[in-house]
Each structure stands twice: as C-alpha cells, then as structure tokens.
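Labels run A, B, C, D and E following the written order; every chain starts at residue 1.
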Amino acid sequence: MAELLNVERLSAGYGEAQVLFDIDLALAEGRSLALLGRNGVGKTTLVNSIIGVTRRRGGRIALAGRDITGFSPEQRAHAGIGWVPQERNIFKSLTVLENLTAVATPGAWTTGRVFSMFPRLAERKANLGNQLSGGEQQMLAIGRALMLNPRLLLLDEPTEGLAPIIVEELLRALKRLVREEGLSAIVIEQHARKILELTDEAIVLERGRVVLAAGSAELLADPSRLERHLGLAAA
Amino acid sequence: MLTILFDGVAYGMILFVLACGLSVTMGLMNFINLAHGAFAMFGGYVTVLAMQRLGLPFLMALPAAFFAAALAGLVLERLVYRPMYAKSHLDQVMFSIGLVFMAIAGADYLMGSSQQFVQLPAWLSGRFDLAGIGVGRYRLFIILLCGALAFAMQWGFTRTRFGSRLRAAVDDARVARGLGIPVNRLFALTFAFGSGLAGLGGALGIELMGLDPTFPLKFMIYFLIVVTVGGTSTISGPFFAAMLLGVADVAGKYLVPQLGAFIIYALMVILLITRPHGLFARGRA
Amino acid sequence: MSTDSIEARVQRSLYGARRWHPAEIAFWVLALAAFFLLPRQLLILNEIAILGLFALSLDLILGYAGIVSLGHAAFFGFGAYAAGLFAKHASADPVTGLAVGMSAAGLLGLLTSPLILRGSDLTRLMVTLGVALILGELANSLGGITGGADGLQGIMMGPVLGLFEFDIFGKVAYLYSLAVLFVLFVLARRIVGSPFGLSLRAIRDNPLRASASGVPLHWRLVAVYTLAAAYAGAAGALLAQTTQFVSLDVLAFHRSADLMLVLIVGGAGYLYGGLIGAVAFKLLQDVIASFTPQYWMFWIGLFLVLFVLGGRELIHGGIKAVVGRVARLGRRAST
Amino acid sequence: MNAALQTFDLCKSFGGITATDHVDFTLAKGARHALIGPNGAGKTTFVNQLTGVLRPSSGRVELMGEDITGLPREARVGRGLARTFQINQLFATMTPVEMIALVISERLGRGRQPLRALDREKELVAETAEILARFRLDDIMDERIATLPYGKQRQIEIAAAFAAKPSVLLLDEPAAGVPEAERRELMATVAGLPEDVSVLLIEHDMDLVFRFATRITVLVNGRLLADGTPGEIANDPAVRAAYLGEHGHG
Amino acid sequence: MTIRRTVLKGMLGLALAASVSGAALAQDAVKIGLILPMTGPFASTGRQIAAAANLYIQEKGASVAGKKVELIVKDDTGTADVTRRIAQELIVNDKVTAIAGFGLTPLALATAPLATQAKTPMVVMAAATGIITERSPFIVRTSQVVPQIGSPFGTWIAKQGTKRVITIVSDYGPGHDVESSFSEAFKAGGGQVENIRVPLQNPDFSPFLQRVADAKPEALLVFVPSGVGAQFMKQFVERGLDKSGIKLIGTGDLTDDDILNGMGDIALGVVTAQHYSASHDSPENKAFVEGFKKANPGLRPNFMAVGGYDGMHALYEGLKKTKGEGGEALVTAMKGMSWVSPRGPISIDPETRDIIQNVYIRKVERVNGELYNQEFETIPNVKDPTKAKK
C-alpha cells in the first residue's frame, strides 16, 4: 500500500500560541482516518496545518512521497488536498454553482456528480452562499472540496451543529466517498462512534499531542479506551 | 435640466472608471493605495505623447494608455507594492503618498508643469440636440464607452469564472488559498487591470478635467470619496456612488452655485455618518 | 514574597512613565540651546516648534487613542483664524489670543467628535477630511470675516506678556512658541501618564477589553478628541500670531497629510515622535528644496517610500542607540 | 432568591439561525458553575449577551436582582460583572502592571482624571500589587504583555477580570490553548478565587469541569438541555448522546 | 566630566555648522531673493518668471554698479507662512538687497509687513490684486493690477454696443477683482451684467456653462487661473456655445501665451484684454521672445515672464542709480522710472508704486501655423483705476 500522507514531528500554532507538538501521522492511499479529541486539543489546527494555513514551527509534511512542507496552500490544494474547513466558509457572494466552479480542476468530479450526490444543492444552484441552511452549507463545502478532485479529503467537523436528519444524510454521503469511491480522508469529529464506523483508523489528540492511535474497529469494540480519553468523567 | 443630468452622468462615468480599480484592490487586499491617481496621470501623459509625438489617432491612444498604465501597475505591484500588504494602513497611506510625490515631481521633470491638451477628432467635438436636450458628442462617447466598460466589468465580475474566483478571494482569502485559488496572481492581475482602467480614465479625462502634474493629488479626494461611499468588493457600489457624486456635483453647482464646492463634501460626510461601511455595504451580523 | 515589596515595585513601575529620562532633558536643553547656537535659523525653528505642537496634537488621538485623521488641519486652521480675528478685533495680547484659539478649536473638536466614534479607519479618514474641506470652503466663502483667499490682513500682535515685542529675527517668536510647546508638552505628558491616559491606551490596544474593564469608550474618545483639537488650535494660534497673518492654506488638505507623515516618520505613541518628525521633516524639506526648488517633492517621496519599505527600522534603531547612550551618560553623571 | 445572575426567556437569533433559544438560567451566589456544550451550541453567544457585547432579541438579564439587559458593557463591569475571553483580549503594548492598574483605576473612578499621577494613588498601587501577587505575575510585571508566553497571557486575562472586583465572574475557556505545564498553575488560580465571587466557567476540558464545578449546565443548539450536579450530568443519557454521539437521543 | 566634554563638542559642531553657512556671504554682492511657486498648481508661473529673470541677467551681465548680482530662487510651496519665513530668512540670513517674485496674492500680502519692517524693497512680479502695493511703502509692482485690465475692458466692450454680459470668475481674490472692475465699468457704459463664481478647485464647468446657455447673454467674460482656461474653452465649444452667438471674452489669462498653442482651434477668435502678448510688434519684444525661446526651448514667454523681466529691469536700473544701495533709496529710485519694455512703454507710478502701462485688445489668430493673441487696439497708459479714484 502506497503511503499518501506522511506527517513527521509537526509543530504548529497561530501567532504566539503553539498548539501542536511533534505530531507524527501516516495515512495510506485509500484509507480514512478519524481525528478525535475534545475541543481545543488541536484537531482543527492539525488539519489546517496540513493544508498550510497555520504557522508551522517545525516538522515535515509529504503527500504521495512529495515533500510539500514549503508549499503554499494553493499549491497544496493543487497537489491533491481537498479541504472542508470547520466553519464551512462558503464564499458568501458566490452562488452555489459558482462556489463549485470557482475552485474546480478537471477530473472525475464535476458539478453534475456533486449535484447527484447532494440533490438539495442542485435545487439551490442559483442561491447565494449565505442564503443556505447549515446543512446545505456543509454539503456545499464538501462538494466544493470534491471539485478539486483531491486525493486526500480533509473534513473538519462535518456534522457539527446540524439536525440529526441532516447528519444522517451527510454520514451516508461520507460513507459512499470513503467506502465506495475509496477516497482517502481525514475526518475530525466530536461524536466518536458515528465516525469510527466509517473510518479505518483513528487517532486521539490531547493537548496538542497524539495520545492514542488504533484501528477504528478495534476502538469500537473496546469503548472503554475511548471513554477514557473522550468521556465525560474520569469515573 | 436633462442636459445637466446628462453632464453629471458623463462626469460620474469618468469618476467611476478612474476609481473602480482602487475599490477592487482595496476590497481584495485591504490595501489603501493613494497613488492610484498616479496611474491615471500616467495614462493621460501616454495619450498626450502618443498623439503629439507618434501622431496616433485618439481612438488608438486610448488602448495605449490602458496598456501602459496596466503594465506599470503590474511591474510596480511586483516590485514595490507586495511588501506593503502586511503593513499597517498608516504605513500604506504614507508609502503611497510618497509614490504620489515622486510621480508628481517626475511628471513635472519629464513633461513640464503646464496643462496638457489633446485634439479630439472632429466627430467627437461639438454637440447636437436630441429632443431638446443638448448632447455633447464627447460626453456621449464617454457615457457609451464607460457604460459599456462598467457593464462588461459587472458581467466579468459576476458571470465569469475569473470573476467568481476574484469574489471568492475577496470573501475569504484564507479559505480561497486553501482551495487552490491563486490569490496573489489574481490580485496582481486585478491590480494591473485597475491601474489600466485608471490610465484609461486619465486619458478620457484630459478633455474634461485637464492634465498637469498635480493631477494625482487634485483628484485623490474624489477617488477616495467614490470608494468610501461606494464600498469595496462590488462593481455596482462604486458605480452608483460615482454616478451619485457626479450628478449631485453638477446639478448642485447648477442649481445653487453659491454652495458650489460644499455639496460633494457635505454629501460624503452625511453618507458616511449614516452608512459608515459604505452606501451599498451588505449588512453584517 | 511580601506584598509590600511588590507594592514598592508597582509604584516604581508606574512612576517610570512619569520619570524624566535623561534623553528627554537633553532634548529640551538642545531645543533651548538652538536659540543661542543657531541665531540664523530661528524662523525655521519657530515653524518646527509649531509643527511639532501640531503633530503632538495628532499623536494624542492617533498614538494614544488609535483614531486616524486626515483632517486635523480643521482645528489648526480654526485656532489660527480664531486667534487672528481675536487679535484684530479684540485684543493684541498673545497669551489671551492663544487661549481663545485653543478654546475655539477645542469647542469645534467637541462638536465634531460624534463623527469619529463610528466606522472603520477609512471612514474616519474620509469624515475628518470632509470636515476640514467643508471648513476650508466656509473660510473661503465668508470672505467678509476671514478675508477669503487674500487671507486675514492687519493682525498686529502686542508684546508677549506685555514685555517682549515680536522681532524680525524670530527671537521672540521662537522662544514664545517653544515655551508654549514645552508647557503643553508637559501637560500632555502628565495626561498621558494619568489614569485617563492609561484608559486611552487601553482603548487603542483593544476596545473590546477596554469596555470589559469598565472604560466608557465614547466619552473618553470625545474627551481626547476635544483635547487634541485644542492642542491643534494652539498650534494654529501660534502660527497666526508669530506670522501675523492667516490664509486659507491653514485649512488645506496638504497640511493634514504632511502632519500625518511627520508623525509616522517620528513614530506615534510616545509624544516625542511628532517633535522629532517635525524636526526631520522640515529640515529635510528645507535642505532638499534649497538644492532643487522644483523637484524636492520627488526626493521627499522617495524618502517616504524607502522609509516605509525598511528604512524605519534602521532609523529607529539608530535613535534608540543614541537615546541609550544618553541615558547611560545621564546615569553615570547622577552617580 | 439567592441568585447572582439570572436570565429569563433569553433569545438571540442571527438572520434565520437561532443561537440562543428561550434560555432560563440561574447562577447562584457564590456558585462554582460550569456551562458546557458541543461546539456551536451557543455558549459564547450566551455569554456575550450576559456581558452586553450582543443585545438579546428578547428576554431579560438580571444581575443581583437588577435588570441589566439594556446597560452598556462598561456599566455592567461597574456593577460587578466581569469576564475573560475565549481568545485573549489583552492590551498588547502594556505591561501587566499597567493593565491591572487600568482595571483598578476604572473601578475606583480615576479614569476620568487626566491630571493625577498613577503612582501617587495609594489604594490603586496596593490593589495592583495584591492582584499581581495573587496571580503570580509579579516576576514579569514590567514585561510587555505581547512578549509573554501564552500561558502567562491567559493568567493576565483572568487577573484583569478579577481586578474589577466582580461579584460574578465569567470565565470563557480559560485553559484553551495553554500548554500542559502552565495549565496546572492556571487552574490553581481559578480554584483559589475567593468564595464570595460567583463563577461561571465555560469549558470543554471535562477534567477541569468536573474538578471545579459544583453545578453544571448543558447547552445544546442554543437550548438548555440539562442542569444539575456533576453526578447527575455525567449520568444523563441525553448529555452522553450529545457528547459521544450515541444514537437514540431525544 | 565626560558629559561636559561631549556637550561642548556638540555645541562646537553646531556653531561651526552655523558659521559655515553664513561665511559664504561675499561683501560686494547684490543678492536678490526670488520667491516663486516652483511646485504645485501654479508652478508654471514660477518657471516663466525665473526663466525671464535669468534671461535678463544673462543679457545685461551679472553685475550692476560694480557689484556682482546673485539670484536666489526659492519655492514658496504655495503656503503663506512658508513664503513669509523664506522672505524673512532671505532678509535676515542672506542679507538680500531686495525680495521679488510672489505668484499669489495672499503670499505677497503675508510678506508685505516684513518688507516694511526690514525696509527691504519688494518687487511683485506676478500677483495682481489691487491692494498689494498699499500694504507696504516698499512694494513696487511690475506685473499688472487686475482692475487695470478689467475696467478699461468693460468700457471697451460696452462701447462695442454689447448690452448683456455674464461673468464667470474663480472664487478667489483676483477673480473677485476682475468681476467687480469689469462689471462696474461695463455698467457705467450702459450694459447689464450677471456674475457667477466657480470654486477654485473645479474639475467640471458644465453646470455653470449650462446656466450661461440658459441665459443667452451676448458675451461671456471668463477669469480662471491660467491653464484651467483652456479646459473652460473646450467645454464652451463642446457645449456649442460658440455657435449660439455668445462671444467668449476675458482677461489675457484665458489665452495665456504659455499654453495657447496647445489649445487648438477652439481658441480662435477669442477676444481678450491684456498688457502683453508674445506677438506684440516691437523690436524690444522680438529680441525678448527670441532670447527667451533660445534659453528655454519649447517655452513661449507669457505675461508672467514679462513681469519678471521688467522687475529685474527696475531693480537693475534702480541699483545703478543708488550705486548698489538698497532700502528706501532703491524704492525711491524705482519710483517714476519709465522705459520701453517688451510689452510697450511702461512706467512706475511714483505715487502708488504700481505699474502704468498700455492695455491691448487682442484676438486669437493663427500666425505662421501658431496661435497668437494679435493686438488690434491699444488703450494707452492705464493706471490702476481703483487707486486713481482715491
């Protein structure tokens, strides 16, 4: 199995604050990874560091064997990383369709395919980004990242703050992407169980470090390990 | 009265072409470029030289002005503007005023301090009456040309992929970068295009506003009014702002000449107090 | 750790801002010494002192409260006209005239302060500019009072404090301006170091936290804007009195723009920036203009561009080194 | 009623999105209360309404039984409601001494006085020294705040709120972004706050919440989901669902 | 100890610097300070005068009454306080014998008290508002006084049988002077006049021109700063007013020789009154124009230049009489002086120290492919009518 992403001893943060400390992470082609941990432990910072919008303080990142440490975010995007940012950050003065076409690069993913995956978006094709509901924005953010025809998809809390029915729909779509399409993905999620069913591997971050790395199935089978790191009380 | 409206519209059109490049660069890079007028002056002088020295016809001199100013914008953006984006607004103001000073003295040195003129072709001079409205040929030409430009820009900004990428970059440059949009290159192109437009505006304006080395300073205030009132990040905002100012200025001076120069300033202050983020800014949560 | 010793240290820290640094004393001694050493340059020194006071005024709002203004000449000019008209029609006494100029400009500042409470930097730049432009147009159209474009004629100033008559060499003018500058500077220094001044810096640094710390933003900004306007008015009054003439260009845009350049060159937020900037800017302009009366603007422009592009660090580094050396000397002298 | 801070039917919506949905909340006098909830649950919006950064769409906020819904921010501080921010909001160019002295000088009503000297104010100096000592900031009190390590800045964030002598203190994720080593010191400070100050802690770190709080409120989608003792909350199935993503929440 | 030495060293350095700049003062030189707008919107005024003054020195030699003449040119930066300071420095530091130049009225007015105080002759070479010479007994003017042109022009226009005129002037001192002097004389001659003022900084004249078009007067008198006039004429023609029977008239500023040739055909036929035209037919003027063009390729002398040239002449001749002495003696020497200038015969009124000169009525015509103000009528020896009345 070829190694798609390789992160070595990555340290990063924003401005003065350092958030990540010596992160090591590897992901093989076609595999998916759940990135777990409580709020404020650095999950988003890790994803943002992979796309390159944080301040790197050390370490290296390679994509498909190619060192992309010195790449600008747009170069990383073109190298094959699709990013679904935490706040979704839909371009508010662009229509749904434009949000997709503005970033598109030629490949298997087209607007048609995105619309067939998220039919709600097709209905709202001509609406502006800021006229969408939270769930539609999330679908659009995912569709937008797919338009780059990425080799690796970064999803930052795709189900956050959404109604359960929408969450179900999104999870179904994600499942299709990683299981059927075989797309590599890193997914940040607070709701661990939901996402472990979709992913191959999982890591747990705590205070900017990796404290647990295991197979997703393994963790699902032994909830106590998860509970220890993510649970409500230590008890 | 309609003639006044017509004159005001023509005047507003020129203001728009002069200022709209500034508005987009301000919205895109949050960069206050007071030297925008220097590009306009450059375009004006290119026109004068092209017509007087090279004997180019007026219509040929206009594109020359556009491309010369655009090229100057492209080169300067690369060489000296880039390091300024990260600096404070005050630094940007100071830097661009410095550029204005250099441009003024440079133009004076190269071209002399007196007013420059161009000879319009015969078919553009004079006027004709249309349903009782006196229509100046040159003003009509300006309205048609600038109107077409504004229309094309609005179309390019809202209907093309370049436009949507540009708007995306204005909306959220960080995410746009992360999604593979080459924000810096877009900006360089936009900057060059905006400078080119300023150059074109400068060329068109020789006839109406005159051209001498103090041009960038004399009209800086007008550009800024258009941009602050119209807001950044759209084409239509500065367009309507320029129209409003053009018509209000011309009509005001016609109707109450005693108040002459007050009108435009008073209008600006009132607009900015009531709408601090610009006339057409989208409401913010 | 005893709280007592911490208390002493806190007191010392807070006193630190108020303590006169040896370099400061050196600065003022030099300013006074210039009177004796440069008898031929008193006129430009007078202009520098006035510009310095004007820049000090801008520093109060820009450097200490973070309000940008591109129309500060409004207050300068208003003070100049107020002092000029007062001298012409009421009394030729300079000190009273100065007070009149300051109060008039301060009042104008108070009245226009609501305009600067909202909006972004750009909006503030434009609104302040608009106010100055409107005032300039007013002064032009009220020719009966202001003398319009010909300027306000026939100002005859009495002797300062009834003793010192203004002379053609600018001796009294410079000493008078320097004295006013010094007194107002000491006052500004006091204000900046006061609880009020601290709250201004708080607003500049972080308005959100300032209000969460109990600072009423609006009132403080109104207060400092009024104060700065009065200072600018004082500078204008000094100009009117020492040149015995007021013309429309006291309200002109270039005066506000130059002022901003002066302050940025000197550095905002430590009171001396405006003074140092005034010295640097005037000398630079005078020297270059005497070499090339036609094209001095080019070189000033080039200076500004290079200054922003990286020269500032060099210059400020140099100044810091000099100040440090003076401080060391001062310390050695006091021990 | 023994309430320090209370909201009645508080609502806030942005455009079509409801961020705070009819919240009735009570912070008892002297409480050690935590407010938790997943990201985007509306915690920060809620706090912003308490402190006056945002105006509620409807509903009422009372501090010590007095309606403060329409008061400006600084007036609430004057009445004893202080807060820290999730993202540091400090005076970057000041030193810790100056920042603390500012808060105290405003509380003592000195901020209006342009001619007094800070170091001559006995009360102000004494209180500043006391705060600096309490928050262990005395060794760095003359450094520029912007140059201090992040953990220290966090500490100043709390110290500055505390210097306002609040009767109610809102701590918005005080430990966010703080490295482990400094986190312990920070939480020790929080634990050591005087008992007459009612504290509302907004936090994600459950260790911290359960160690600190005697009462916990859970906010989900802008609505009050649960309110009770730590034990009750830990065993509440709806809360577990909201946090662990177990199916079958109602 | 160390400090004292450092301070001493510093003081010494400063003192040295101060003395060096003063040491250049040569005892037997006559210095003339020329303060002009060299930058900004009126820069062309400064260029013309400086070029003419230099031409004069070049022609007549750089010494007078056995002393070397030194010209110090300074930029007034367009502000009154700077002008005054520069004048003061020239008087106090450079010990100039006379100050000269002064492009704008307020700048001249600001400096006037200084001339009185220092008893330094002040030759006004451009500024044209009437009151200037009344502000100091040391002021001598070699340019023009606005009413000197406006008033006889008003009379002349009335005499041509014109009944209704509208005036458009820039809203500043000289503009007001033109407006009032012309209107008064024109009304005295039986005409009707309406006055419009436009802001000094005015990019677009269309609203004002539209008012004119609505009112349909027989003639439109215009006074705007030199340079802007061309813009005005273009808009006048563009609006078709030239074809509607409204005659465009003005003071010579409108068809300034400096830029006239660049205006093109629109300027043809415009009638103006002025004291100087580059095409004035006299041997003095031919020599002047030729010399000027040779020294300044591409530049044609205008009325500003002739003011500077004659100002230098007045100073030279005055100095010859006083044997190089300045002060009151020099002013007295210049009073009543008369000579033939490139513009024609002129003299300095001994009473008012203002210039007495011919005023010419001209029309723009094409001569040898270039546009010139061709004089066709002369009103001889005009004094400033305002002062003459007093």
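As a convention for this text, a contact is a pair of C-beta atoms (placed from the backbone, for glycine too) under 8 Å apart; a residue touches a chain by one contact, two chains touch by 3 or more.
Since the structure is predicted, the reported quantities are computational estimates derived from the model, not experimental observations.
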Shortest path length from chain A to chain E (each step joins two touching chains): 2
Contact distance in steps, from chain C to chain D: 1
Most remote chain, CA-based centroid, reference being chain A: E
Centroid spacing, where centroids are CA-atom means, of chain A and chain C in whole angstrom: 54
Where chain B and chain C are represented by their mean Cα positions, the distance between them in whole Å: 34
Length of the line joining the C-alpha centres of chain B and chain D, rounded to whole Å: 49
Euclidean distance of C-alpha centroids - chain A vs chain B, Å: 43
Where chain D touches two or more other chains at once, by residue number: none
In chain B, residues with contacts to at least two other chains: 104-105, 108, 258, 260-261
Shared-contact residues (touching 2 or more other chains) in chain E: 39, 43, 47, 171, 199
Which pairs of chains touch, using the document's own definition: A-B, A-D, B-C, B-E, C-D, C-E
Contacting residues of chain C [partner chain E, same complex]: 33-34, 37-41, 43-44, 46-47, 137, 140-141, 143, 148-151, 153, 168-170, 239, 243-250, 252, 255, 289-290, 293-297, 329-330, 332-333
Chain A residues within the chain D interface of the complex: 16-19, 38-40, 133-134, 157, 160-161, 164, 189-195, 207-208, 230-235
Chain B residues within the chain E interface of the complex: 3-4, 7, 11, 104-105, 108, 112-117, 119, 125-127, 134, 136-139, 207-210, 212-214, 218-219, 222, 249-254, 257-258, 260-261
Chain B-facing residues of chain A, complex: 51-53, 72-74, 76-78, 82-83, 85, 89, 91-94, 98-99, 101-103, 105, 144-145, 148
For the chain B and chain C complex, residues of the former touching the latter: 26, 32, 80, 83-84, 87, 89-91, 93-95, 97-106, 108-109, 217, 221, 224-225, 227-228, 258, 260-262, 265-266, 268-269, 272-273, 276-277
